[in-house]
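Each of the next two complexes has chain A plus one other chain: chain B in the first, chain C in the second.
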Partner chain A sequence: MTDETIKQYDVIVIGGGITGAGTARDCAMRGLKTLLVERYDLTTGATGRNHGLLHSGARYAVTDHESAEECISENMILRSIARHCVEETDGLFITLPEDDLAYQATFIESCLRAGIKAEAIDPAEARILEPAVNKDLIGAVKVPDGAVDPFRLTMANVYDARMHGADVLTYHEVVGMEKDGDRVVGVKLLNHHNHQTKIVHAAITINAAGIWGQKIVQMAGAQIGMFPAKGALLVFGHRVNNVVINRCRKPANADILVPGDTVCVIGTTSDRVPFDTVDDMRVTPEEVDVLLREGEKLAPCLATTRILRAYAGVRPLVAADNDPSGRNISRGIVCLDHEERDGIPGFITITGGKLMTYRLMAEWATDMACRKLGIDKKCATATTPLYGSELKAGETRGKKTYSIGEKVAFRAAEGRHGTLSKDVPKADIYDNALVCECEQVTVGEVKYAIENLNVHNMLNLRRRTRVAMGTCQGELCMCRAAGILAKSEGNAAKAQVDLVEFVNERWHGMYPVGWADTLCEGQFTSMIYEGLCGLNVFDKK
Partner chain B sequence: MKFDTIIIGGGLSGMAAGISLAKKGQKCLMVSAGQSALHFFSGSIDAYGCEGSAVGSVSSLPSCHPYSKMGKDTLIELTPVAKSLLADLGLDFVNNDPINHYRMTPVGLMKPTWLTMREYVRGSDVGQLERWGKVALVGIKGYLDFNTSFISQNLDRQGINAVEVEVTTPELQKLRTNPSEMRSTNIAKTLVGDALKAFAAEVKAACPEDVDVYLLPAVFGIEDDGPVKALQAEFDKPVHLIATMPPSVPGIRMQTLMRRKFQALGGTFMLGDAVVSGKFEGGRLVSVRTQNHGDMDFEADNFVLATGNFMTHGLTSDRNGVYEAALGVDVDYLADRKEWTKSNIFDDQPFMSFGVATDDNLHAKKDGMVIENLYATGSVLSGFNGIKEGSSTGVSLMSGLYVANQITKTIGR
Partner chain C sequence: MTVIKNISENNFEQCLKCSVCTVYCPVLAVNPAYPGPKQAGPDGERYRLKDPQFYDEALKYCLNCKRCELACPSGVKIGDIIQLARIKYSKQRPGLREIMLANTDIMGSIATRMAPIVNTSLKLTPVKKVMDGVLGISSHAKFPQYAGERFETWYKKNAAQEQKQYAKQVSYFHGCYANYNYPKLSKDLVKIMNAIGYGVQLLDKEKCCGVALIANMQSAQAKKQGLVNIASIRKAKAEGRVTLTTSTTCTFTMRDEYEHLLGIDNHDVKESIQLATKFIYELIERQGVRLAFRSDYKKRIAYHTPCHMEKLGWAIYSTSLMRMIPGVDFVMLDSQCCGISGTYGFKKENYPYSQKIGEGLFKQIESLKVDLVATDCETCKWQIEMSTTAPVENPISIIADALDVEATKALNSIK
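For the complex of A and B:
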């Protein structure tokens, strides 16, 4: 994407998830010459595999006061700096007959102590507020939860970092650390597109690689005890709820239902998994059963709602130092100064934490980098809106309403790219042709994404535009979008192979929930791409 | 209401059975939900996707396969019947019997097939395509379901260097004002008469003068093949069509022609309706009820179940099992849900072979008992993966004819 014009960076940030993207933005805004490197695509790891919940912090209020405080503070910040990535839905914590209603008082008290506005409402009012909620509820508390699109939020941070002068290299994997004595002075990168390696130098290297960060620490010559915790989730075919629904009890499996865009998501499970499985997370039938059983208690209509797909992510849990057993696990933010900890100057690890606290994590890591570089510049990410989220004078973020005859696709693009949707080509009637009917993605938006949003393949395109994320899971839009990619890159041979991989990527989330409409869609997909087109000849077994 | 035969499903298989029975003077009722797999038609009927002879492969198929149940000799007997049924509809299919030929897919790859509509690109082998000389590959501006990049790439792999051109006309421009209207069926409705002539003129103007053959998307003639012939008449060089992504204009044409034929032969066609239950008595199906007709019983001597597979909702499933949607007859499937699917979509997916359990004469079963006047036909049948084998359309056509023969024989008795 970017030509290597600077041999020497101030900072290299490793990891194209939300933490790395946020850190690159913060570094760039403070005037540091910054390079962000990611081994595959942006949001490939845990960032793209969670609820997309804009936590109010209420979930942690009783068990983890510090996390709860961090969440509500960051929640309010994201509402103002990332408004095009956030939906202000509010949330309910419901008590069901099988739950202890006494817990509610403890819960509200803990929320208020953490600064979270929690208000008990009458169950009848809750049923009106969210008609999908379990009618049997005996208690409800309203909290400022919301939804956040992690794909959009990460891309917005990366775009913003670029606008502040950062370079971004996706499909570049760190395969070694460059050292001068004990000091880390750069990284060795493998370009997955051309299979070449190159060395890039920087004064500071920040490891923001999530669970994969353990390997980065090892490459630098130190050790860290990380424990992969798998969380499985299900996406439903439409948005059954408009308010986030949680259970008012101690956090457990499958007790959060989050609406987001055209769908809603139930999750999650939590199981320790071996390290060698983290690159290929598959959802088991047992996990699906748990998610459905518990999910139906939150919103009974889920029992008859189509399941679009299943997916799983890996939380990077970090063991406290000197505790190799992992019994003493921290779910909070971990910012390691390896110079102090391991005698390795020039190397910082930022990990633990959550999607919600990415900005704070970035601030801590960037503060540490600045201290080491002797730069005295304050963090401004809490008050500076991301590109796409600038408020015009007098403009407020109201509820979106669509009227018949309006160009729904333009509104959809605005929802996805905020004010940057002005750059989506729409003057020409061909640019306004729909590629994806389910998600209202136009040819213009696909072209915009290819040109501006680090898109090299179908998977990248899906994460930037929601192409093929709707109810049909890409039956026909996949081939249309692949045609546009083939033309723009001038490489139809690559685009065909890419399309076949993408068809399979969609199936990977479908087969664990392979019954009812999903089985029907799977057969339809096979019929088109194998039966009709014969594209299976390009499948790499 | 009483009929001789009630056919449940109006796709290729149900139509083949219905037309055959109506021709024999039977009073038939066909209940059709509407769209069928013909809306995704490739322009060809695939008997069995292998090199060489399709019928030659039958002896190596497992005994549960519908072709095995019908038997090789019967299939050979039915072959001319199938061809004349299509010809009677005014559908001009060509073949290379007894050897498979190749159809060109919507992305320009070649797949073995049995019968192909005359206007389509086809090859006895890859070599036939090379004799074309200079090829123009014509796309329609803004029509995204005809991927000229992929076709061009795959033609190139076969040693054919096609000139890619893109054309539009004022009539097509009008379609463009609604972003989702640039689909094959709308183009087909637009490109008739003078608009078709204007389109042909644009194509000629856009292509080099020394072109030997024109390749166009199959978006002409939704009612009949008049527009295809009119288009070809505009050019003094061969014009061949390539299948598009769905919906398939020639498939819809074929569906329409079959429905008209069935009705012309006196058949009663109930569109937009679905059979929801059946009354079984003493090993026979006595009557069925439909969604739109409440408690009205439709009685018949014989019944044909031709509702298709999961894709067309002939089969349904939930977390606990797989079911036949209309009558609740027995389904062959694996009890353990984990075994229904495999993680690579291009593997042989077990669920693809799920379907209605039948005896060797394609009688459906209910609670383990053969129902002597209920036949299953086409993609609703178990024991084969039509997509993987390249046999879906062949099984549909042949089993529809086979079942019609079975019914005719019982009447003769």
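For the complex of A and C:
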């Protein structure tokens, strides 16, 4: 255990989820010397485990006016600054015969009050707009929902922060807070790769660690009441819908179906879970049942669509300070000045909120940091496109048309990396060969990700490129990707261990829906990796 | 008992990504610009559902041989997925070449009237150069000759009347080739059927089956023609006649492609469309019909299984019939695509690939030193004749040539 060189930063941001990434970008853009630290990989927590819904805010319009207003405002901002992470699909709020149609009027009125363009359309029109929708619907409202890829959005913010001079350390866990008296002056980091610790100093430390932020606050010597709420979701094999489908009723289980990239996702459930389970989320058969039962009401064809996997995330709900029991839960943004609140200078916590409002959360936290540092610089994140989302000269927003002969994989890569896809090597036949056939990822794109997108292992690679996220869940591509990683790191033994873990990670998500084609796929995968490649998958766990 | 619910009914989702189809694809082996059946089929389908912009015009390189479907252990209709995607998403419109190649009916009607001129000019170098340069039809390709008299015309003049004398009747879908180019095949069928006591009737109305129209982006026209054919076949069935065919491709198109690609409801008449060799074999097997062959017919014959015959699974009927001929030294060729795929091999850009696909087959044929190659598909016949020294015949013609008509009639008590 040795201490490496101590580096002085203006700001350390803890947490490689969307909030941390956005905060690091904002800080770096305002000229602060910034370090982003993440215990494992970017998007490991709640950021990588949600719907990927670009909320219009309509879902919150009736119950939470403030959140609805924030959502629609950020929705419009993301469409212009993160267009390669966003799909402008629109959304429907449908009323089924068992629902109260009278709710629709309240809903539309609340949407309009929050500035959300909500328009009642004829059920017949809704059936044409989205042919997968339940044909029995008796009412429909069209809203500006969309899809957002949280992996892509986070990586784009991290990349952007790096381009503005920020340092990023993944697989570095905060194991202690460095204090000078009451003041937080830095953090102690444990490097999970070499198991060494180091101390890094900064004038301000921003805790953006989501549900895990509770521990960070404790390390700093204060308390915060967080209540983990588990949400389970199912991924289907292809897009059955191209328009988001919601139920027009009070938010409940499994009432949103979001098309995202090549798949669609139904969710979620919502259950309070004990804090000590947040690192090991498992989807139960009961949750799968409720997701299917309710999901089929939105789009009956889900009943006969292949299910790829199940996953669950944890919403970081924060108890109001005056109510430690957690009865009065806020879903809004919570930005805590611990100097004012707990007498701990140099420490800020940004939490609550949602994926949709990450940029605003980052703005609040960075504003507070700047105030403390005496820096007067305005936030520019709402108007500056992220790297990858810049408009080329003469280009307008909207769908691009492709010429004949452009490889499907190149188009797919452009979807994933925006204008940065120009850096994906495609000079020769090897670079253009496919690693992942389901998701159209080339050798060149894998190489690009390894070099540019903080990739150390297969799991990182999956989140950056969609390798192994398609129909076969890695059956064909895992081995190929592991080969490229082994080559780039010159360490085949490490790549093999990594491969075993990754095979298990894929199966972990397939297991809760392991029947029919998905079961066959799992069995075939096991035959290849265990039988053919001799990888003793099951002994390792 | 637990009932397992939520099982995919989307055929393309039943792909387990085993990739065995890619091994059996004849195009992928020779043309790197083709994405292959897995990519073009189930993999590409997910992307096309996400955004039609992901349609890849390289899907036109698919031969529609259906060997991928045969190889698939999960029953994915890969060839259908690809052809349906072409119909649904392709932005390419048929040009003059596609219209000429695909409308075999119209071209055939004109050409048979001027057969000597057409046949000669299609062989002339300047004509070939113009077709190559202007139309994009390969100058290497040899076109089938047109007959001076269509089978239908011959039939009405010479055969229609005497067919009535037979107690049992079948209908015959002759197809374009046996009508315009090679009426002998049709006449051979009439000869065999009459010898075993069956009269042969034409269909009420017969149009080209449309296989070339589907391949050349004219599926709406194909559907119109298909509806006419199915109505005629339905009428024949109602009158107690099955409809025989002598071309595997027409048979396969009317039985399977009509339903899968054109959305024509043919379920009630599907079993009524029978390849003649299958029908005759089953008469021998089940109804005691017997064939007598001439003792002076001696030939070494190799059988090539057309891709669509492979898909139908009926090669056994044609080969078993030929094996019944005492003087036939029978050789079964390896099952591989000849590369022509109807009009595909006639196109300039496809010609080299078409030849490369068939290379193995051509070499095997040359090495076997046979008198004849037998195959049930006319376009395979063109390709093999164009690319080897061996003459090619339909099994029906071989049986007709070897048949002792009088002895056969006697064996079956036909007067």
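The rule we apply is simple: the second predicted complex is superposed on the first by the 526 of 541 C-alpha atoms of A that agree within 3 Å, B and C clash if a C-alpha of one lies under 4 Å from a C-alpha of the other, contacts with A are read in each partner's own complex, and residues count from 1 in each chain.
Please note the rule applied: a residue touches a chain if its C-beta (ideal position, glycine included) is under 8 Å from a C-beta of that chain, and two chains touch if they have at least 3 such contacts.
Predicted model only: the values in this text are computed from it and were never measured.
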Let me test your reading of the model: by the given contact rule, A:Leu476 touches which partner, first (chain B), second (chain C), both or neither? both
Which superposed partner A:Cys438 touches (first chain B, second chain C, both, neither): second
Can A:Thr383 be said to touch chain B (first), chain C (second), both, or neither? neither
First (chain B), second (chain C), both or neither: which does A:Arg239 touch? second
Scan A:Asn194 for contacts with chain B and chain C and give back first, second, both or neither. neither
Once chain A of both complexes is superposed, is A:Gly531 in touch with chain B (first), chain C (second), both, or neither? first
Of the two partners chain B and chain C, which one touches more residues belonging to chain A? B
For A:Trp515 in the superposed arrangement: first (chain B), second (chain C), both or neither? both
Between chain B (first) and chain C (second), which, if any, makes contact with A:Arg282: first, second, both or neither? first
Do chain B and chain C land on any of the same chain A residues, and which? 292, 434, 437, 476, 515-516, 520, 524
Considering the complex alone, what residue numbers of chain B touch chain A? 37, 40, 42, 105-107, 109-111, 141-142, 144-145, 147-150, 152-153, 173, 176-177, 179-180, 182, 243, 245-246, 309-311, 313, 316-319, 337-338, 340-346, 349, 351-352, 386-388, 390, 392
For chain C, which residues are in contact with chain A within the complex? 4-10, 12-19, 35, 38-39, 42-47, 49-51, 53-54, 56-58, 74
Flag every residue of chain A that touches chain C in the complex, lowest number first. 237-239, 242, 259, 261-262, 292, 302-307, 399-402, 404-405, 407-408, 411-412, 434, 437-438, 440, 470-472, 475-476, 515-517, 520-521, 524
Chain B-facing residues of chain A, complex: 282, 285, 289, 292, 409, 429-430, 432-435, 437, 442-443, 476, 479-480, 482-484, 486-487, 492-493, 495-496, 500, 503-504, 507-508, 511, 514-516, 519-520, 522-528, 530-537, 539, 541
